[in-house]
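Chains here go by letter, A, B, C and D, matching the order in which they are written, and residues are numbered from 1 within each.
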Amino acid sequence: MHNPNSRLEAFCDGVFAIAITLLIIEIKIPPIENIHTKIELWDALAHSWPSWLAFFISFITILISWVNHSHALKSFGKTSPQFTYANGLLLMAIIILPFPTMAIAEYLQTDIAQPAITLYCAASLLNNIAWNIIQYTYTHPQSLFKPSVNIEKIRAGIMTTRMGFGLYLFAFLLSFWFPLTAFIIVASSWGIWLILSISIKEENITA
Amino acid sequence: MHNPNSRLEAFCDGVFAIAITLLIIEIKIPPIENIHTKIELWDALAHSWPSWLAFFISFITILISWVNHSHALKSFGKTSPQFTYANGLLLMAIIILPFPTMAIAEYLQTDIAQPAITLYCAASLLNNIAWNIIQYTYTHPQSLFKPSVNIEKIRAGIMTTRMGFGLYLFAFLLSFWFPLTAFIIVASSWGIWLILSISIKEENITA
Amino acid sequence: MHNPNSRLEAFCDGVFAIAITLLIIEIKIPPIENIHTKIELWDALAHSWPSWLAFFISFITILISWVNHSHALKSFGKTSPQFTYANGLLLMAIIILPFPTMAIAEYLQTDIAQPAITLYCAASLLNNIAWNIIQYTYTHPQSLFKPSVNIEKIRAGIMTTRMGFGLYLFAFLLSFWFPLTAFIIVASSWGIWLILSISIKEENITA
Amino acid sequence: MHNPNSRLEAFCDGVFAIAITLLIIEIKIPPIENIHTKIELWDALAHSWPSWLAFFISFITILISWVNHSHALKSFGKTSPQFTYANGLLLMAIIILPFPTMAIAEYLQTDIAQPAITLYCAASLLNNIAWNIIQYTYTHPQSLFKPSVNIEKIRAGIMTTRMGFGLYLFAFLLSFWFPLTAFIIVASSWGIWLILSISIKEENITA
């Protein structure tokens, strides 16, 4: 009943909340001095679309991460310092994520987007590595799961994350030569995490 | 007794806290280099009134939203992934809100305020859409309410939110031709939510 | 046992945490391009002392406010929408506080500090008004206190806050003619709140 | 069972979350107007490495502090106003930490890094002083520990923190003449806190 990670969760929620709102401060109101007509105001507002796109992408990916994090920690009856620090690595990866997202939104329309996409793939890879390490720490040196947890489903989740490592590493390497393809692979992967996060949970509730 | 949304609430509180304080960072101290007399300092401070107005409006509307959110979640005994993601959409709408509020405060005194007001109406509409989706998710596919909840009152709240959709859509469309009227409609609607949030809760406590 | 304000407290903690850290972002590292010697670096660092002073004052006053807020809410067994909104007014006053503190730190050394001090007195007055309204809401229309609370001590606290209103109003008016005296009065008042917050609590614990 | 510091912990988590993410806002996307080739974009991204280094160092040190703070407060069955304010001093030290970390990252490669390193040593010293005062407040005027706590291990921790005071004072003084050596000492000390935080906790869990 007592949750040994309750304070860790509160700390994570604070960090996730900051990360998910980070890109809104990049969106600026057009300064009134430079704007003389409605058309100019619409143009100035429309001009900030890369910032809006970055905010939306960053918001959705961090929301999916939060849902998965929240779901994973519900299965825990114990904690460990290894898990705590592995979780810290994930928080770092989450906070970094808005940065390359912003870079992609800024440069996607140009023909020099490759460095931005490579950064984005690297950040996604770091995210995946953090999850893989977290998963290692909650089975080693001892299991942190509640006795009631369905180990079969956990195992499926662990396998998916491991395969994710292969995918993100491939996308990262690919991004040096075929950045757009790499970006599409990584963006699609978030769609998969979204679907998994919905389906896994439904089972959990109805079962 | 156990609240299945306790972590979701903590995360939301973090996001609401950031959104409600967001516009204070727009208010700057007049730089000492440019100020030579008391009158100039008063002038420079007074010059930032649109930022103050935006902060006040944004603070009050987000506070009302928080009170309603906090009230709605008290009736829940279950959770679902659909609700979690619908709630995420509301959080996005809440974080966006300060932006058009700032734009309105900046441009309301000019004769080119229409784009700012249209944006503000759009953000209010998005807020209402998020609430409507949330309400759908807590009755479908299954009810998330505690057995003790008074369904009649919930139903009244759901109807009000649905009628709100009509109102905000109308105000949004109106804003292209009669921006000021549209702004007055949307601003008044917050007054209604405020009154409802006070009256509904009192019943709850005295009953 | 169950705390009806637990979510309100979490939201307040988020807002207090943001307000208390707000002024640290005003402190900038001297840009490396303009600095050529150690002396210049020391000078550039020392040059930002008003920002540091503002951060320290703002940190201490908001910390005292948080301690008092945290202490007051421990006595509550009920909640009400009136209290919730009165508490919102306090949060607004807390978030505003860093702004005039920064203005004072910037202008205290000049002979045109009066507008900054008047603003600071106004913000302190707003803070006190919010506390007075909060105190009204937790005795009207019904008492929100736990039955176990010592009403005598609460009454003493309420009287102190009411007298505070007289003091802050006086300081605010005084600030137009004798800004420095007004500032010393308001600054000293925080010392009194600090001492009260320590002494009241000790009783509470040992008793 | 009931935690008298639960609200203090929530407030601290908010402040720690802000402090740990503070330096990410220093990292800017290269503005698209100045960038014409991939090489220029890579160069511009690589140019921000001191900001990244500062973010990493600051993240890791604040994470270690959070783990230790979280660990220390688990042993408490009581609270006191002295502890609350001593804890406030620690929060102030934590929020300040990113500033000299940024200064070090910016100036470490130059031959005028001494002021930045001295500031960093001073901030580390302040951190240690805050911990020493906290430790004093939880043994005076009365012990705040839960009866079940192993006093021997607590005492070992207290001694380590006291010796830390000597170390940080020495490093601070040394930094005026041998800044690099002083920096290495302070940086290594964080490694020690990291190792201690892992080992102490493991005992706690397996025992």
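Keep this in mind: contacts are C-beta pairs under 8 Å (C-beta built on N, C-alpha and C of every residue); 3 or more make two chains touch, one makes a residue touch a chain.
Everything quoted here is computed from the prediction, not taken from an experiment.
Trainee: Can you name the chains that touch chain A as well as chain C?
Mentor: Common contact partners of chain A and chain C, which must touch each of the two, are B, D.
Trainee: Sort the other chains by how far their Cα centres are from that of chain A and give me the top one.
Mentor: C
Trainee: Chain C and chain D share one sequence, so how far apart are they rotationally when you fit their Cα atoms? Give it in degrees, rounded to a multiple of 5.
Mentor: Between chain C and chain D, the superposition angle is 90 degrees.
Trainee: Please tell me whether the contact surfaces of chain B and chain C are same or different in residue numbering, using the over-half criterion.
Mentor: different
Trainee: How big is the gap, in whole Å, between where the Cα atoms of chain A centre and where those of chain D centre?
Mentor: Chain centres of chain A and chain D, defined by C-alpha means, are spaced 26 Å apart.
Trainee: Counting only Cα atoms for the centres, state how far chain B is from chain D in Å.
Mentor: Using C-alpha averages as centres, the distance is 37 Å.
Trainee: Multi-chain contacts only, two chains or more: what residues does chain D have there?
Mentor: Residue numbers touching two or more other chains: 10, 14, 17-18, 25.
Trainee: Looking at the complex, which residues from chain A come into contact with chain B?
Mentor: Chain A reaches chain B through residues 9-10, 13-14, 16-18, 20-21, 24-25, 27, 29, 32, 35-38, 40-42, 45, 56, 59, 63, 66-67, 70, 197-198, 201-202, 205.
Trainee: Show me the residue ranges of chain B that touch chain A in the complex, using the header's touch definition.
Mentor: These residues of chain B touch chain A: 7-8, 10-11, 14-15, 17-19, 22, 25, 78-82, 84-85, 88, 91-92, 95-96, 98-99, 102-103, 106-107, 110, 112, 114-116, 119.
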